[in-house]
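Think of it as A, B, C and D in the order they're written, each chain with its own count starting at 1.
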Amino acid sequence: MAAVKYIASDKLPDWLKSLAAKSRVLVPVAEGGGVVFRPYAPGCRPVFDSDATAPPKGAVFPACQELFRYEQGKDPEDPGKPTLKLIASTEAEPTVVFGAKPCGARGFLIFDRVYIGKKFPDPYYIAAREATVFVTMACAAANVENTCFCHWVGSGPADGSGSDVLLTPVAGGYTAEAVTDKGAALLEDPALADGAAKADEAAAVKAAAREVLGEAPDIAASPAALLAAFDDADFWRDQSDKCVSCGACTYLCPTCYCFTITDEPKGMSGRRMRSWDACMHFQFTLEASGHNPRPTKAHRLKNRVGHKFSYYPTLHDGLVACCGCGRCIKSCPVSVDIREIVQNAVARAKG
Amino acid sequence: MPVLTGKELRIVGFLCNWCSYGGADTAGVGRFGQPTDLRIIRVPCSGRIDPLFIAKTLINGADGVLVSGCHPRDCHYAEGNFYARRRLEVLKRFLPILGIDPGRFDYTWVSASEGQRWQKVVTVFTEQIHALGPAPRFDAVSADMLAKAAAGALGQGGNRVAA
Amino acid sequence: MRIGVFICHCGSNIEGTVDTATVAKASLDFPEVVYATDTMYACSEPGQDGIIQAIKDKNLTGVVVASCTPRMHEPTFRRAVERAGLNRYMFEMANIREHVSWIGKDREANTNKSVDLVRIAIEKLRRDAPLSPSKFSINKRVMVIGGGVAGIQAALDCADGGLQVVLVERESSIGGKMAKLDKTFPTVDCSSCILGPKMVDVAQHENITLHAYSEVDAIGGYVGNFQVQVKKKATYVDWTLCTGCGACMEKCPSKKNPDRFNEKIGPCTSINIPFPQAIPKKAVIDPTTCRQFVKGKCGVCAKVCPTGAIKYDMADEIVTEDVGAIVAATGYDLFDISKVTEYGGGRYPDVITGLQYERLLSASGPTGGHIKRPSDGKEPKNVVFIQCVGSRDKSLDRPYCSGFCCMYTAKQAILTKDHIPDSQSYVFYMDIRSPGKMYDEFTRRAMEEYGARYIRGRVAMVYPKDGKMIVRGADTLAGTQVEVEADLVVLAAGAEAAVGAPKLAEKLRISYDKYGFFMESHPKLKPVETNTAGVYLAGSCQGPKDIPQSVGQGSAAAAKVLALFSKDMLESDPQISRVDIKRCVGCGKCIITCPFKAIKEVEFRGQKKAEVIETVCQGCGLCTSTCPQGAIQLSHFTDNQILAEVNALCQS
Amino acid sequence: MSRLEELKTRIKEALPGLECVIGWQKGYDPLHNTPLFMRTDADVDKLEWGPLNVHNPAVYLPTFTGKKVGVVVKGCDSRSVVELLQENLINRDNVVIFGMPCTGVIDLSKVKARLAGAGVSAGTVTAVTDDGKTVSVTAGGQTTAMPLAEVRADKCGRCQFPNAVLADAYVGDPIAPAAPAAAADADLAALDAMSVPERMAFWRYHMERCIRCYACRNACPMCVCRDHCIAQSREPHWLTQDDTATEKLMFQVVHALHLAGRCTECGECQRACPMDIPVLALKKHLNRTIRDLFDYQAGVDPQAIPPLLQFKLEEDNIKERSW
């Protein structure tokens, strides 16, 4: 890996401008009372000191994406015979996601195993993933929130996995470390200086942040514990009592990758779209017959927690389908706490 | 074929079958000339008109929506237009808070015998929509205005319309 | 779906301002359209055959016809597609005549608009589902509201056809306006001589139940099964005991009350039988003038009544009649002549209405058939008739012609000469409207044989002078001012909708025009039908009519009822609401708002759900716009159909 | 015995006959309380009362069809219960209402803004105290005192129903309502001050960030369609999945118009919004319209029929246009 670089705060706009000249640069900006990723434009003031309300998930996996368009025509000789033209494009715009917290980028590791698998590689996802570079910002101690639990899931506030460049806030600016070759290329910019002198300070910032999180409980038993609780209706009723079945947790989750497909015809043309879906919604498993295997919020919450902490890790070498960002807790209108549910399941299994 | 560019605007009418659609027929039988912009969607009763149809039509880019039913007390279904009156009035007062000019929507009562009244309503309403011009679209708000919204700088000038 | 589109020329009605070939060609570019053509007259036999042939040749599964209003020919085309084997609801119309070609001259705009209307018809059709009606039983009783000559005719024809008839009359006797007439034009035969036997037939017909002195209070139900609440107003006389002997009238001390039957030009007693031929011939007490009611003491009639029929404590009574059809025959009322202040009606006793004059002419009237003017009882020599008082007058908001006044004025001029040979009649008229068999000849006779002087012109004013009424007006033919010294002035008051007609229309759920006359279903083709199934019109309630027209309509309405009742079961319109019980949350908002109580709450697997009662639902769709989750959908006008129309219009 | 203890006693007495009693308890951090479903006496001991009880527990009632449940309410929550009763969505015999006088709840957005102003993150709160007038929040090692009057929800400052409109067990003495609002709330006043095109820009700007999670809908006690909302159905098909401000705004229109005459203005829609979109202003505006047109307020009288489910032959305040 290349050496540590350093960029002073006042040079940051220069770097962003130079990045924006080559690709779309998404930065966290305040919008209303929330922080969301928006294309960088000169004068724009990114928010780096708190985690964005919504993660940069949409940069690679848009909330709604056109898979293809179609145009129908008619055979002039026999108008009963329609002709069909499909227009599909997987092309993705080169993008730099700048200033996300590391957990937000790490979420894509969970996506990757699903969409870049050998069996069903997803061309749309792959194209967007390859076109996107993540420059993340390690958390300082003051950024660690009550809802953060990245250390539970084998990560940490300065975990660069999933990132291409990791920035760390230090006095006067940020150190920048390339995590991947794609990231290293970004650091070849005149706005950045050598940061060797700042390396120790950066290490201290990272350690301080990790310190705030404290000890993580051992949740290694969660896959088995959740499976064991599968048929315990009372347990899931108690866990889900207060859930209102909205999709805030899933839509704001950097690891939730489920989608639904809808067609929108308009006269002789139409579009097939892929859009985010949420397992907390009744419609998620609603079958055409009207039957629904997950008719209640208890069924659905069980699935969300079970999927993240049991079924997925069981299929994917123990990788928990959660990056510990805590958005599902923080943004839940009724403060459903997934940590508590996992711990309750583990406790239940212990008896 | 869309509306005739430069000539017509997109005006959608929702008419009850028994009175107003009949009134529009009567106007036709009487050869009471009208502007050509209006496209009529026939429904059984003004009570069938969910205000959401109108909101949807306007949000999706129509320049005007006109609703007409039987006169109060004269509903073919006895009460439909009484409910419609309340719902449509609530909608009319709601539209401006969304950013839709209240002049783009009107509702009225025209009976099957009132061909001339229908002619007048269509003429006046169409003129009104032409005076307002093509409807601004949500998906085409200017960057300037969006910047003002981002800066919380909306509502500083005059030009107020009561919501 | 395989859709066929047919664009009608309607001769030149549409083709004149719409390029139908272009519309047809454009239609081919719309989804699922496999065939499109223009056609000369889609509704004609060859036109319909063309549609049927195309359905067969092109395997069409849905049809759009762009022509006139669906209110006109939708049933025609539905039958046609059904003949070709399609479900009749797999059909939509685009109205490119009344809504396009007849209201605009710009051919380009009209053509373009027609394409749009075809487009939305196609989008709706693509979401149509085949519907089939269900059957329900009918109650083969009919109610006739109003016992004038039209109602009498309708009642008798229905009763003769074997139907049970309930006849409701507001006054204490049937007979209506015709019973008040002396003679009828153009035959000058005695009105009561020709009406009387029909009235007696009503009384004696075993199939007719008569509720006189009664009014319709409320109407529920629907075609085949109406429930009508009839308010029997208190008469204070037990009609089961009253024999109509008239002893009470002779002894009643309150004798100076204005006689409504005599149009208030004569007095009557507080307890009264309006006229000798009254059916039923029963007495009624007017509590507003009766001394027993006004002063609390009298009781004379109770003492003299040989059968003890007087019941001062009688109250209004509501009876419910279940019927399958209703004929409204509520007639008309007269224009209030006092509104034309310059003629002095209502101010000067010798300015009277034509109907009051009828009572003066009638042998059973207050003057025993001798023409005596109200002010001093003298026989008038110069009688002036003024036409169009409250007719054809925009300033009075009465722009319509009342139709029969020209004729009865001619009749009254003739009768005046008959009664008083040395009299002279003057008739101020605007135009003479006499388009009927022997009608024009009749007015000629009034002028030529009976010497009535017809003066074409409006009267400016009428005022009293030295015991005479001075009538000042214009003779527009001579171009001069005229002044006539009249002994009596008779105003041909126009006809108005009967008092309370709009209220009754609301109860019947039928339309009425701005003057209160009931609206027929189609001005030419459905003159006695209304837009509410099972409700028919007869006589002047629909608009002013003379006796033969009223009688004709009475028979026509009866024929409609008999045709309706010729089936044992009726088919309900399948365009009704249906509940998707998966989506229904049982909140009951649809139940609260349904105007027909056509939705009930049911329990399904322990959950409350709404259910539509098929035969009661009238298909208004109020429930569909009320249900927030769209769980109840009006067939053929579903949310998705209307949204598809909206989207089709907004997409461009 | 404090009022809260008395309330707990009353709940414990009633608990044996009930599926559960819904209230509030402490949440994952000192700033957040969370709904509590009491099934045992031990659960009841967790019950909290105070300005952090921001949630409206009425939202849960319709999900307990056929079961008898208890619910602890603030005055505003009780209006939602009344509205649910009015609309036949819950059965009076199956709900036991516990009430206490309420002096207002905080608006978390306002608290967050205060903390941000003090340079600390609301995510780092370690302690919250309240003395009835002031809320003191400790975060990032410093304590910020906030007068309740400044950080409470808009509805609290003009609350006309601080005591339950309807209660089976009421603990404490009813308190006087606040003075009726003299002017529109700041959010609505700001919209009022905008021109019509500015309002379009306003909604376009704010709706962009909507993630279509439907928290606004699912937290709304009057959104009883929930699983069958027309926003997510194809039959009927009102909305597409397009990620556009237009579709998102259309949903807010659906929500608002479906609430017309039914909304008790509890503010849950906006409170629940993770993106902090000012959707409540739409309902405030509609409620003003409903009041002007029909002199009606939702959730006050269990016998009343919502104004859009009834009519008058002659409407007092609807002046129709003459052409």
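Here is the rule we use: a contact is a pair of C-beta atoms (placed from the backbone, for glycine too) under 8 Å apart; a residue touches a chain by one contact, two chains touch by 3 or more.
Computed from a predicted model, the values in this text were never measured in an experiment.
Taking the mean of all protein C-alpha atoms as the reference point, the chain centroid lying nearest to it belongs to B. The interface with the greater count of contacting C-beta pairs, when A-C is set against B-C, is B-C. For the pair chain A and chain B, the distance between C-alpha centroids works out to 44 Å.
In terms of their C-alpha centroids, the spacing between chain A and chain C amounts to 71 Å.
Rounded to whole angstrom, the centroid-to-centroid distance between chain A and chain D, based on C-alpha atoms, equals 30 Å.
Multi-chain contact residues, meaning those touching two or more other chains, occur in chain C at positions 582, 593, 626, 639, 643, 647. Contacts with at least two other chains are made by residues 31 of chain A. For chain B, residues touching at least two other chains, in rising order: 51, 56, 60, 73, 79, 83, 87, 150. Every pair of chains meeting the touch criterion is listed here: A-C, A-D, B-C, B-D, C-D. Residue ranges of chain C in contact with chain D, taken from their complex: 580, 582-583, 585-589, 592-593, 606-607, 626, 628-631, 633, 638-640, 643. Across the complex, chain D meets chain C through its residues 62, 65-66, 87-89, 224-225, 228-230, 233, 235-238, 258, 305, 309-310.
Those residues of chain D whose C-beta lies close enough to touch chain A in the complex are 20, 27-29, 32-37, 55, 59-60, 109, 112-113, 120-121, 123-125, 140, 205-206, 208-209, 211-215, 217-219, 226-228, 232-234, 240-243, 268, 271-272, 274-278.
The part of chain C that touches chain B in the complex is made up of residues 26, 69-72, 95, 97-100, 102-106, 108-110, 112-113, 115-117, 120, 502, 505-506, 509, 511-514, 519, 531-532, 575, 593, 595-596, 618-622, 624-626, 634, 637, 639, 642-643, 645-647, 649-650, 652.
Across the complex, chain D is touched by residues 51-52, 55-56, 59-60, 72-73, 79, 82-83, 85-87, 89-91, 93-94, 96-101, 106, 108-109, 117, 120-121, 124, 136, 138-139, 141-142, 145-146, 148-150, 154-163 of chain B.
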